[in-house]
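There are two complexes below, and they share chain A, which is joined by chain B in the first and by chain C in the second.
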Partner chain A sequence: MGKLTIGCYPGLVGNMGYDFALKLADAAATKGHKVSIWFSGNATGSVKANQKHLKDYSTGEKHIKALLEKGVEICTCEACTVARGIKKDEGIPGVQWNAMHWYLAKIHAADRVLLIGGE
Partner chain B sequence: MKLAVFVSDFKLATDTLDRLKAEKLGIILVQNGVYHATTKENGKASSLLDKTPNLYALSDDVQIRGMKDADVDKRVKVVKYGDVVDLIFNDFDKIAWL
Partner chain C sequence: MGDVKLAFIVQKPQYKGETSRLAITHAISYQTVEILLEDGDTVTPKLCFIGEGVLGLQKGQNAMDLYGITSTESHMKNTLLVDLDVLVCKEDLAKYGIPEDAMPSAEDMGADKSIQVVPYSEIQKAMEEAKHVLFF
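After this line comes the complex of A and B, so read on.
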């Protein structure tokens, strides 16, 4: 089995890139691959716990929790996250908070790397 | 290098693709990129489809836009997320996102 690292930069609300990243991670994990996701930029807004799941409105929490249960490693850029007013104790349990070196280490250890989005 | 490029938008990315050097190039159409495989302008299919014989379109993204897998150009193989994972690990060395 391989290691896939996904860098996810787009914001979650109504964003196709974010949606794709989570679905691809799920498919890879289901096949037994080791998957790591790095959230940066506006994607970090998705790690806040207690998101209200409105009908036909994109949220990330339940998908993130499902991925964590499958063994997918998810880490949010701490600087990006706190810059958006989200505190660590407000985050979804199990999501890691760290700096860019976490992402770089995962990139170096991965067999495949996919960077989605970014300005 | 065997390179797979995800094309996620319905605008021509040929200038970027032309600059990429790969012994094997794959194009995986996702999100609005699937329109390259389903839409003809003035009767002509997207020139993106002439770039390589290794063309794929994500079925979920075709169907969520109200189209059928049968609407996809015959040169393009319709794939599911699991197939994309297999392409990434088995058919290509590097992957990029446009």
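After this line comes the complex of A and C, so read on.
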């Protein structure tokens, strides 16, 4: 099985690119691939816990938790996240917080890399 | 696994959004990635600007004075100080009427590297040589 690293950059609400990234990660993990997701830019807003799932908009927390359960590694860019006013103790448990070199390290080990979204 | 070559391709103008800046900062982080890798493993990025990505690179920026943020110019100088290869598409600079000597330099700060204004074919070569290509 392969190693897939996904760089996820779009914001949570109003961006189907975000949903696509998470669904793709789920599909790859279900097939047995090792998947890592790096949140940067507006995607880091999605690591805040206690999101209210309104049916009109996409939701992050439920899918992130399910991916973590499946062994997908998820890391958020600490600088981008705190810039959005989210503190570490407000984050979804299990999501890692690190610097950009985390993403490069995962890319180093990856068979395939996908960079999704970004304004 | 040894060295992994990456090509960061910036297609969006600086200041229009966040990702064009993130491309630069992600590339710079190659400096510290080794703390997370096995001995002997390295990452070597090339940072390439094409299309609208060549906009907003010029020297003489005052982003700190006007917006209170570091300028793209200062980030470009940092890339040179950490010995990154920075390639800017010659044809796209010409398309937007930006002279090649408008590109910033970090020579005064002691950088050994300079921004390389190159034909697109050189950037194509960088993409072909890279294991992974990341579009910003």
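Convention: the second predicted complex is superposed on the first by the 118 of 119 C-alpha atoms of A that agree within 3 Å, B and C clash if a C-alpha of one lies under 4 Å from a C-alpha of the other, contacts with A are read in each partner's own complex, and residues count from 1 in each chain.
Operating definition for what follows: contacts are C-beta pairs under 8 Å (C-beta built on N, C-alpha and C of every residue); 3 or more make two chains touch, one makes a residue touch a chain.
These figures come from a predicted structure and were not determined experimentally.
Model built by superposing both complexes on chain A: chain B and chain C fit together without a clash. When both complexes are overlaid on chain A, the residue A:T30 reaches chain B alone and has no touch with chain C. In the superposed model, A:F20 lies in contact with chain B only, and not with chain C.
Applying the stated contact rule after C-alpha superposition, one finds that A:V113 touches each of chain B and chain C. Contacts of A:L4 after superposition on the shared chain: chain B is touched, whereas chain C is not. Of the two partner chains placed by superposition, A:A66 touches none, neither chain B nor chain C. Taking every C-alpha atom of chain B against every C-alpha atom of chain C, the smallest gap after superposition is 7 Å. The residues of chain A shared by its contacts with chain B and with chain C are 113, 115.
Contact residues of chain C toward chain A in the complex are 1, 4, 6, 12, 17-19, 22, 25-26, 28-33, 35-37, 41, 43, 45, 132, 134-136. Those residues of chain B lying in contact with chain A across their complex are 6, 8, 30-32, 60, 80-82, 84-86, 88-89, 94-95, 97. Contact residues on chain A toward chain B in their complex (touch as defined above): 2, 4, 16-17, 20, 23-24, 26-28, 30-31, 33, 111-117.
Put simply, chain A touches chain C in their complex at residues 7, 9, 40-42, 80, 99-105, 107-110, 113, 115, 118-119.
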